[in-house]
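First comes the structure, then the notes that go with it.
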Amino acid sequence: MSDNKEEPKKPAAAPTKPSTAKTTAPAAKPTTPAAAKPPAPAAKPAAAAPPPKKEPEPPAFEKGLVDEIKKKFGDSIKTVFIRPRRIKIQVEPHDITEVATFLRDSMGLDHAESVTGTDYPKDGQIEVTYHLGSYSREDLGAHVLSLTTRTNRDDPKLPTLINVYKSVEYHERETFEMLGVYFEGHPRNERFLLPEDWADIPPLRKDFRIKGR
Amino acid sequence: MTSLDEKFEESKRLGLQIVKESEEDRLMTLSVGPQHPGSGHFRFTIKVDGDYIVYCDPDPGYVHRGEEKMSEYRNFIQNIPHLERPVIHDSTNITYSYSLAVEELVGIEVPRRGQYIRAIASELNRQVYTLYWLAIYGIFLGHSTMFMWPTGDRELFIDLLEALTGARVTHAFNIPGGVRNDMPDGFKDRCLRQVKYFEKRLKEYEDIFYNMPLFRQRTEGVGVLTKEDAIKLGVAGSVLRASGVPYDIRKAEPYDIYNEIDFKVQYMKTGDSFARSYVPFLDMKESCNIIRQLLDKMPQSGEVRAKLQPNPKGPPGEAYRRVESGRGALGYHIISDGTPKPYRVKISVGSFRNMLALPFLLVGQKLADMPSVYWSLNYWPVEADR
Amino acid sequence: MRKKQQGGTAPVKKELVSPTTFNVYVSKLSDVLVKALDAPLGYAINWGRIWSLWPVHLETACCSVEFGAASGPRYDVERFGIIEAFGSLRQCDLIVVQGTVTRKMAPRLRMVYDQMPEPKYVIAMGACAITGGLYIDSYNVLPGVDSIVPVDVYVPGCPPRPETLIQGTMLLQEKIKRSKIK
């Protein structure tokens, strides 16, 4: 979903679904084990309408912020969305330390609120999103800049941001544990929340199924 | 029984020698928790050199229940009850940001009266949370009166919330689109009476607890977190505000109707344990003001909940919304793939962020200061583990 | 058992007090004592136990909030002799399992239970401690605490109201009253 361009492709693959799928959507609930797949095509046609709503007016202030970043790094920054008070940009893993340092030093985004790791088995990738905020700049208090990067799912490795943002220490450790992303340079890629004898795959991977589901 | 000589011979035979104490031997490792009067559902290992803590390593996860994974298997409405369990005594706030995020995803507007009732419930719940926190802080420092008084006054707020939501602590009151039900008759008067009584009590709290010389000695100048460090560590809520950063999500990013309310962000500049324990108290005071204003400005009638389709779903996309909970910014990052179930739910909680400050603050402190530093971080282990 | 003793006593006399058989004799002795004391003194001993139930300070999950409320002035479980022991668990005789038991907590819970002196009682508080409750399908939660420790009283609710907890303790007291002293 971070790549908005890809989504319009999928409705074309299932053009006849919407009318039937919408009626079956509530009925699909009892057959939950299989529910993960069938509703997905049903929702895609609905997605075609809203994206234009987002596109037309990116707010001026946020646009300015993104332009500032783009001026420094050029095309290596991919803008995923610009919404009021929320910005998401995507960078390549090898650029992330440099970009983060720039965001911290020149733009006043001084701390990371959280780190979200998301597994996308279809793309074969894991997305790691850093939510950056600012305590020191008052005009940025309401804003959250999501700095995101993607890595290969089979051998997930990313450079750590711990030297840029001290606050990601436990978040990255949690991401390592929950998704198996190895942060190169992080001093402690090890067990954190899960029991010591955990011997399964990382639980937030999509191929990890929980009991009875 | 063997004589001393025999024992000596025995140790010689075994090759034991009397060695001079080395640096490593002098350090003693203590495991604090999970069965420890000063830990809760949490464990941390500390190394002490004599009386001073030289090393600390938190070991959370004793209540890790996999909320984020479970959320992927339930639809947006079914997720509410289990998502409020991490902080059952602050359950309105933890479902608040979830509802905001889902509303943004699904695209619903909450009616004005609904927004006000939400805010009232959220402020009442903040009092409930902070009072419980204060009670535990009292018992951590051996002040039994400070356990009894807040627990008693907390029940009165719980009564109010019970009248409003129907449940004691787990309300499931905030839902995407508004609140579950309207206010009962006479709620406003009851609420105002309670707030008036509570403000009187707060003065007494100050006299018996905050102005007590013993308490001051145990907390003042203990575990100082400077402003720069607080920003660097990215702590949240009262811990941040105690270090002199006036940052409150209600002010910085006003959600719902908080931009219509006139209130001050409470903060202190010293950054020690006393400031960290006093800021929540100031918050409670300010919260009383907010409740009064909310009750005044509230529209007298109207819908409290927007119409919602039975299995709400939005277009694929993501939302990150935050509210100010009792422990600081509480954010939900929800990624939806267009199905009625979220693709990924990330709960970004203040406790987890404040935990990072614990080893930072404990190192260099005396062992006896450990409880006062630890609980002043406004840390609720269940929430941090999720 | 008797045969073994005869076989054991015949060859060496020393073994009467050896550490390996010591426990057997003590338990035998206690069996005799129990039989002798149960009728005349059982009521008094149980009465003593009923009114000094000391729970361990072990919080497993969020039900601890309601346990805290129960010790507060409104519900006041101290009336029933339940004071949260902030000291050693060696002087406790009750575990209130306050909610979800995760896989990380389970070994610790058992360890705490094993360290407590006999007689000891367990109250499973909350739906999670009984069956896993809301978290039945979670990957890190045990489906009920009774696979770890033997439970005496189940207190349902999510979380149980303090009144329910009080009723649970009253049931436990009833149980102790009827049981033989150990």
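As written, the chain order gives the labels A, B and C, with residue 1 at the start of each chain.
Assume a residue touches a chain if its C-beta (ideal position, glycine included) is under 8 Å from a C-beta of that chain, and two chains touch if they have at least 3 such contacts.
Treat the numbers as computed from the prediction; the structure is a model and nothing was measured.
**Q** Of all chains present, which has the mean Cα position farthest from that of chain A?
**A** Ranked by distance of C-alpha centres from chain A, the top chain is C.
**Q** Report the most central chain, judged by the distance from each chain's C-alpha mean to the global C-alpha mean.
**A** Centroid comparison flags B as closest.
**Q** Going by the touch criterion at the top, tell me which pair is linked by more C-beta contacts: A-C or B-C.
**A** Pair with the higher count of C-beta contacts: B-C.
**Q** Averaging over Cα atoms per chain, report the distance between chain A and chain B in Å.
**A** One centre to the other, that is 26 Å.
**Q** Taking the mean of the C-alpha atoms as each chain's centre, how many Å separate chain A from chain C?
**A** So the centre of chain A lies 47 Å away from the centre of chain C.
**Q** How many angstrom lie between the CA centroids of chain B and chain C, rounded to a whole number?
**A** The answer is 31 Å.
**Q** What are the residues of chain B that contact at least two other chains?
**A** 61, 64, 66, 69-70, 73 - these are the residues of chain B that touch more than one other chain.
**Q** Residues of chain C touching 2+ other chains?
**A** In chain C, the residues touching two or more other chains are 102, 104, 137-140.
**Q** Please output the residue numbers of chain A that touch at least 2 other chains, ranges allowed.
**A** Within chain A, residues 194-195, 203, 208, 210, 213 contact more than one other chain.
**Q** Considering the complex alone, what residue numbers of chain C touch chain A?
**A** Touching chain A: residues 102-104, 136-140 of chain C.
**Q** Where on chain C does chain B make contact in their complex?
**A** Residues 56-62, 64-66, 68-69, 71-74, 86-87, 89, 100, 102, 104-105, 108, 112, 134-135, 137-141, 158-159, 161.
**Q** Taking the touch rule as given, give the residues of chain A at its contact with chain C in the complex, in rising order.
**A** 194-197, 200, 203, 208, 210-213
**Q** Which residues of chain B touch chain C once you look at their complex with the stated criterion?
**A** 34-37, 40-41, 61-66, 69-70, 73, 81-82, 85-89, 132, 135-136, 139, 147-148, 151-152, 154-155, 158, 168-170, 382
**Q** Applying the document's contact rule, which stretches of chain A touch chain B when the two form their complex?
**A** So the residues of chain A touching chain B come out as 1-2, 7, 25-26, 29, 32, 35-36, 39-40, 42-44, 46-47, 49-51, 85-86, 88, 110-114, 116, 118-119, 129, 131, 135-136, 141-142, 144, 146, 165-167, 169-171, 178, 192-195, 203-204, 208, 210, 213.
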